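Labels run A, B, C, D and E following the written order; every chain starts at residue 1.
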Amino acid sequence: MSQWIQLFALEFAVVAIAALVLLWDAFAPRTGRAVGWITALLLGGVLAASFFVDGSGAAPHGVFVRDAWVVFHERLFLAAGILGVLGSIDWLAMRTPKRQAEYYALLLFSLAGMMLLAGARDWILLVVCFELMSMPLYVLCAYGKQDGPASEPKLAAEAGLKLFVTGAASSGLTLFGLALVVGMTGTSHIGPIVTGGPVGSGPAPLTIVGMLFVLAGFGFKVGAVPFHMWVPDTYQGAPTPFVAFLSVAPKAAGLATLAIVLLGGWSASSSVWLPALLVIAGASMVVGNFFALPQTDARRLLGYSGIAQIGYALLAIATQSRGGLAMTLFFVATYVFTNLGVFFVLHAAAEEGGGHTLARIAGLSKRSPWLGGALLVFLLSLAGIPFVAGFWAKLFVFMEAWNAGLVTLVVLGVALAVVGLYYYLTVARSTYMADGDRSTPVRTGFALGAAIVVCLFFVVGLGLWPKPLVEAANHAAAGIVSGR
Amino acid sequence: MSSLQSWAALAVLVPLAAALLCVVLPPLRRAGKPAAALCILASLVATAASIYLLTQHEAGAVTRTEVPWIVLGGKALASIGVNVDGVSVVMLLVVCVVALCVQVFSLAYMHDETPSSYGRYFTLHALFLFSMNTLVVAPNLLQLFAGWELVGLTSYLLIGFWFHKPSAARASVKAFWMTKLADMGFVFALLALFVATRGFDWNARLSTETATLVTALLFLAVVGKSAQFPLHVWLPDAMEGPTPVSALLHAATMVAAGVFLIVRADPLFAQAPATCEVMLWVGSITALFAACLALVQSDIKKVLAYSTCSQLGYMVAALGAGSAFAGFFHLGTHAFFKALLFLGAGSVIHAVHSNELADMGGLRRKMPVTTLTFGIGALSLAGVPGLAGFFSKDFVLAQLEGKAGWIPWTMLMATSFLTAFYMGRVLIKAFGGAESAKAHHAHESGGAMLLPLVVLAVPALAAGFLGGVLAEWSGAEYHVHLGLTPVVASCLAIAGLLGAVMVFGRGRAAPFAGVLESLDRASAVDRTWSGLYRHVLLGVSAVAGFVDRYFVDGLINAVGYTTIESGARVRRLQTGRIHDYAMAVVVGALLIALWGVLR
Amino acid sequence: MTLLFVLALVVTAIAAVMVVAAKNLVRAVMALALMLLGTAVLYALLEAPFLAGVQVLTYVGGVVTLMIFGVMVTRRHEGANAPAERIHGFRGLVVAAGMFALLAWAVVASDLERGATPIVKPETTRSLATALLDDHLVAFEVVSLLLLAALIGAVVLARRRDGRDEGSAILAAASREAIDAQQAPAGSAHGGDAR
Amino acid sequence: MSHLLAWIVAAPAIAAAVLLVLPASARLPIRVVSLIGAVVACAGSVLVALTYDRVAGGMQMPDDWALVPSLGIHLKLAVDGWGVALLLLTGVIIVTGVLASWGVEKRGKEFFLLLLVLVSGVFGVFVSQDLFVFFLFYEIAVLPMYLLIGIWGASHDVPKRGPFGFAWKRFAVGGKEYAAMKLTLMLLVGSAAILVAMFLLWKEAGGTSFDLAHLEQTKFSLATQNWAFPLLWLGFGTLAGVFPFHTWSPDGHASAPTAVSMLHAGVLMKLGAFGVMRVGMVLCPDAAANWAWLVGGVAVINVLYGALCAASQTDLKYIIAYSSVSHMGIVMLGAATLTTTGWNGAVYQMFAHGIMTGLFFALVGLVYERAHTRAIAKMGGFGHVMPAVACFFTLACLSSLGLPGTAGFVAEFLVFLGAAEGAHSWWAVPAVIGAVVTAVYVLRACKTIFWGPPPTGEFAHLTDARSTEWAAPIVLGAALILFGFWPRFLLDFIDVASHTFLARIAPFS
Amino acid sequence: MNLTHCLLLASFLFCVGVYGLLTRRQAVAVLLALELMMNAANLAFVAFAHFRGGPGQLFVVFALAITVAEVAIGLALVMLLYRRHDDTALDRASETQG
């Protein structure tokens, strides 16, 4: 039993918190921010604990392996979770005072799913964790949006449904693909594809179809191009604090899954999936940047920018090298903090400004310079301008990709970064140069303010001193891809 | 650094010090009088230094010291310093003396200026003296070029001294542009010289065609600076400046810099006979053309300006004929009597408050000293035997008779007649005849203005006799020979004067004046230059401006526009309907699987 | 044996097409039930008796009834004959046919029969259970979490604001409708006109 | 001082950090802190100039911090001959820039904060010896420039004409936001090209470290060089105003506030040229030799085309912006000659033109703050009301047309000599013609603005420079004359470095 | 009665499910189609487990759980759609676009 505790200590803790919150709300319902703060503090405790109890080992039959890779992801998801909770405390207390606990519980379930996902080495566990992560997200997309103030269009159903239908279609594809793969290889362990075919020339056509269907399924969760259509509409419909979490954590988990499956398991038969991955990465970069150009709603713009960023991350995975994977982790880590920060600031400005369009958040830097400054730093990080984390992230990714020979994609990426800068600067232009019709400073709640400050700390800190995270990423990546 | 060089350096650096002091201490400059005193003191020191140099310098000796100015890779690419030899010593003296006289004259002439512009005037004078002296004592062509351009700058600033007058502003800019255009030749000459000899020394041995190239380019610069035929249009306009400035810069020293350059770079010009041929012809044409135009000018300063052009044509022709000393000797004498004429005109203008000859008349009774000194200058210019002009001009004509073809000789002979003729006209119109209204209450200028006139009258009279001494210093042979030319020349000079008395004595206009006047007004050369400037240069730049703003920049705007526009158009693909999203997922998976299998 | 297999196969296929092609939603749900039964029979034939049982219980029992409820609640105006129009019919057909062609070709091309090793040991329910609770215990626990999350999520979403349950909403809506029917003349209130 | 270079780079950044804490209303403390930051950096660069050992030459005062050791990126600082000259230039320009913008009222704190960040990036580039860190500092200048022009800039209306008129639908061409966006995006496209070339070189040098010394040792294949050099040339060239990609410069500088255009035209354009020479030509010597004809040809176009465009402008700031393009053409021409004279001339012209443009923009700022218009047609006779500004403006004009006795002459003459000596000696002809055209438009502007009858109406009571506004004209004017009369003070540094760098190319050209 | 036949049937079911997903206007009908696709996967799992051995059947158990969860949440969302638009046609949910 002790071995189980050692392996799944953190996941147990997260689920325990979820249960605690639910029960507490059931028996002693109270409105206000207490529930949120309790969840955040407890999660903080778990994150702190993760630095002490670093047990590594494997579950029976190698179904779950806990190593540096998992620890890195656990800490990343916990951080994202804490910030996600902090960000939504104020909004929830205002919007649905009586039904806060369910929001946090579902969030924690999804978090638990992600943390387990990082260590899964067996298809069954992987799929189940993947679904555990996805299900709560469908619900949270529609949370509290069905009965908001009159000014806000009731897009609950729409946001939830768009995510749900594409999600369900993808999971259908994944399962069917998996059936073919598991059937042909005969084992549920995520390992190299043993070429069942007699002539041993390469995997049978059926296996190839299966593998690519599975890749398509995971592509959805990451928001890569053919499967990205849900992203902008859901970001616009769903509650913004949740969208901050949605835009970051599931993508990190999706990338982790891709790493486990493609680099960990199917690294030998890369000739099957690599071309597809490269096309998806390139297409994501192009579509993400070009669709973002004309956007006027900040959430949609950040949605498309997310798709473009994922294009860069997939490029790093396609390098198939340990350094490449390490830089993916670095990129994902910076992306997590940056995007959380951007959405939180946007949420604060929109709450006060009465809308998410660039016109409504105009003149933000005049009204509250610190908030405007924070937004500027986050935009810089997304655009890859020096001395914020994003600069290092983007350059390291391009470096490793170039080192692995993906020259054309790097050139495409570098060129599209310029297009990217244009729409990031349009946001900066509206906050700095346009003068909005309001002059009152934007009042962020204490929790939201704290979340923004934490994100700012990480983004600027990593920008000035990236070494620790680079080393941690290298150490973690060793778990999946051995060698250079 | 022997004492000679230190004195020469003194002559250069003291005016610079005075100018810098006035610039750095605005209160000193704004006070007016003190600044003037400082600058005149500097000129005195410079003149004393040049006189000392003259006495100490023994003939034929060349002492040169150079300080490395630009050092690249250990080797001195360019150096500045002082070079004392016969030519530079004499030129230094001429420049300093004339400058001193003009500055003393300006004390009175400019007294009704505000103190701050008074100070500015003298600061610029000090700066001019520094530039001219740098040019004169330059050890190599690069420093000579530096002095050359600085002189051009001071001429720009001094012509435009009364910058509130739009005409003065235009004239100063026109002068600077014309000389700058011509200086392009000087730069290319320096480059060619550097490529050939990795140095800027004028004693370099060059192959004939490089020598021709270098000398031709140098001559282009001389044509600009010394107002030779095509590029002379800026000199008459330069009269917008105060008269002492015209006297100093646009008569005696600055315009003579071109001739001095040819004298200085004589070893190079000796290696390029073709260029000398061209110089001969350009000089002759300029002399004749300018003399004709001088005849019809109504403004006394314009007459003298064209006369300067014409005399410079003489010097250039002399140098073209191969005798450097002839040109140099005429340059020296011309500097003195032309400065005298200009200052005389200045004194008249100061008294009559107008430049127009029509407003003057019968001034001999009211302004005896000015009339006398102006007369001496005029006669010397006309070439009346015995005066300085006669000796130097005839020596030039003698050289021509020997070496050049007869056409230039006849042209120059005609010019000497015309010179006497128009100078006679000026004498009669200004001083002879009945008193005009304005001349009625004119009165003789003060002592400060008359002293320089008298001082300058002396060399105008006596300079001719110094020919021998000068020749010996600059190592050329000179002898007053009484051949055919001097006789013919002096007859023409006297004939010219008498003709002027006859024609203008009885108030009749010059013969065929109509033709000449139309020649002046329709002076095609000036209009071609302004046409070139306005239509060609500004036209091309307007086209360039348009192309840059609406084509090169337009292209970049277009690229930006199309990217954003494509973004906007592609945006419609995101229909919002869930079926299309599901379709995208399924079709995406299908395509990937298909491609994976078919590969 | 093979006759039964072919029969089950045909029934399942036809039922599947019926699900998609049925004009009426309720009939579509019934077709789904039939298809699920067909699949259950196939499981039995493929020596997976436990799965057949589970299939019948959960799918036919649970999911189908859930679907019926879904249809009934949301389509109460039309009652039984809720129309189920189709859009992009042709495009959908092309994509589906393309997908089927690909899969069929892949199945045939991988000529699975050649290496058909004899069935070593049939999968008994006992071995299934041990695998479930021994090897994949972690997955089992996670599934329980998943179901809990789905439960909470469904309840949170579907609950009316502040706890008023669904039933009273239906009654109130029905009564309003009755009153309207009396005032407005015959005019068939077809489709969801905004209440 | 051990970490002198680090201090120079960090001083403005620290001042910016201090500004963060100051309240926005504290008008004087903000300005004083920024001035201290600028003065410390300038004093540091003067100290570097004094302590730099001219005889030994090469890289001196090295500093090294491991930034990301696993990827071989080190914050490696050292200064060579060129660096000394350009540090000095940046120091002088930032001090005068801060003093010139003493009167900025709107959001002063953010203005100085961005200005200091910008200048610390520029200092960083001149001293960093690691290509990655070089690129990092190079990119820092991108965003402050956008905000500085966008917020504090001034707009012009450019009528819609020509075949590409449709672009007016989406951009307010000539406006300050348009100018800021265009400048930022074009510079970023340039830096994208640099990044690709950087990777090319890094990969071929073994993909272990970005150290410039290490990259210089590796012998790059001609194929890589023929790819890397054009990319570096066009990348850095965009910032240096190379012909087809120069159009951001007129709009950018005309719309930017005084101190920003002083810093950008004065220093940042030199960054581009420094990049082309230091990274492009030194790392890819063969390609530099092969492509020299193109670089020189475009530079010649730059000189003549820039001068002609300047002559056609009616707005004072546009005239000076185009003159910067023309003078940068001379720098690139000097670089393209691949001769020691040419290179020395090029770097000296960087310095001289930096001072000149700084002085020009400072004076234009003074005129604009008083007359509130930049159309020279409206102005006239300002010499009467602001004699000092008129004098310094004339001095700047003289230096830009290359009058002996000013720094402009020394630089231009060296470049002409280099061109004459070099392979394509015909380049000298258009260059000199360019100088004459410069004389035309520069003096024409001076005549239209300062000469003529005293102004009446609204311009009658304009005043001359006041308190802090004197700093820029005096310091920069004196520098122009000092480095015109006695160039050896700077030229010895530059010459040492030019020889060492050119030795790599000499055997090939 | 061999693996190929079963897989062909599974594929057919899957494609019919896809057709339903893409063309049905009613939300509930789309859920049915999803149900169909999942079931096809289960059939494939069982077929492989039967003819090739391997953990197919175990997968079905878990797949069942996942499908059920999905349907539950799907219906909840459909309820929301209905409450918002009084109509369960999926193309009603297209207010956010571009």
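As a working rule, a residue touches a chain if its C-beta (ideal position, glycine included) is under 8 Å from a C-beta of that chain, and two chains touch if they have at least 3 such contacts.
Note that the coordinates shown come from a computational prediction; the quantities given were computed from them, not determined experimentally.
Common partners of subunit A and subunit D, by the touch rule above, are B. Taking the mean of C-alpha positions as each chain's centre, the chain lying farthest from the centre of subunit A is B. Just count the C-beta contacts per chain pair and the biggest one is C-E. With respect to subunit C, maximal separation of chain centres occurs for B (centres as means of Cα atoms). Among the chains, the centre nearest to the mean of all shown protein C-alpha atoms is found for D.
If each chain is reduced to the centroid of its CA atoms, subunit D and subunit E end up 64 Å from each other.
Distance from the subunit A centre to the subunit E centre is 26 Å, each centre being the mean of its Cα atoms.
Rounded to whole angstrom units, the spacing between the C-alpha centres of subunit A and subunit B is 78.
Between subunit C and subunit E the centroid-to-centroid distance comes to 7 Å (mean Cα coordinates, whole Å). Within subunit E, residues 7, 14, 17-18, 21-23, 27, 30, 42, 47, 49, 52-53, 55, 58, 62, 65-66, 69-70, 73, 76-78, 80, 85, 90-91, 93-98 each touch two or more of the remaining chains. Annotation for subunit D: residues touching 2 or more other chains are 185. Shared interface positions of subunit A, defined as residues touching 2 or more other chains, are 124, 128, 131, 135, 138-139, 142, 146, 160-162, 165, 169, 173, 184, 205-206, 208-209, 232-233, 422. Contact between chains, per the stated criterion, is found for A-B, A-C, A-D, A-E, B-C, B-D, B-E, C-E. Contacts from subunit E toward subunit C in the complex involve residues 1-9, 11-29, 31-33, 35-36, 39, 42-43, 46-47, 49-53, 55, 57-58, 60-62, 64-73, 75-80, 82, 85-88, 91.
Residues of subunit C touching subunit B in their complex: 87-88, 91-92, 95, 98-99, 102, 106. Interface residues of subunit A, counted against subunit C in their complex, comprise 8, 15, 22, 59-61, 63-64, 98-99, 102, 105-106, 109-110, 112-113, 116, 122, 124-125, 128-129, 131-132, 135-136, 138-139, 142-143, 146-147, 160, 184, 196-198, 204-209.
Of all residues in subunit B, those touching subunit A in their complex are 563-564, 566-568, 570-571, 574, 576, 578, 580-582, 584-589, 591-593, 595-597, 599.
On subunit E, the positions that touch subunit A within their shared complex are 7, 10, 14, 17, 21, 27, 30, 34, 37-38, 40-42, 44-45, 47-49, 52-56, 58-59, 62-63, 65-66, 69-70, 73-74, 76-78, 80-81, 83-85, 90, 93-98.
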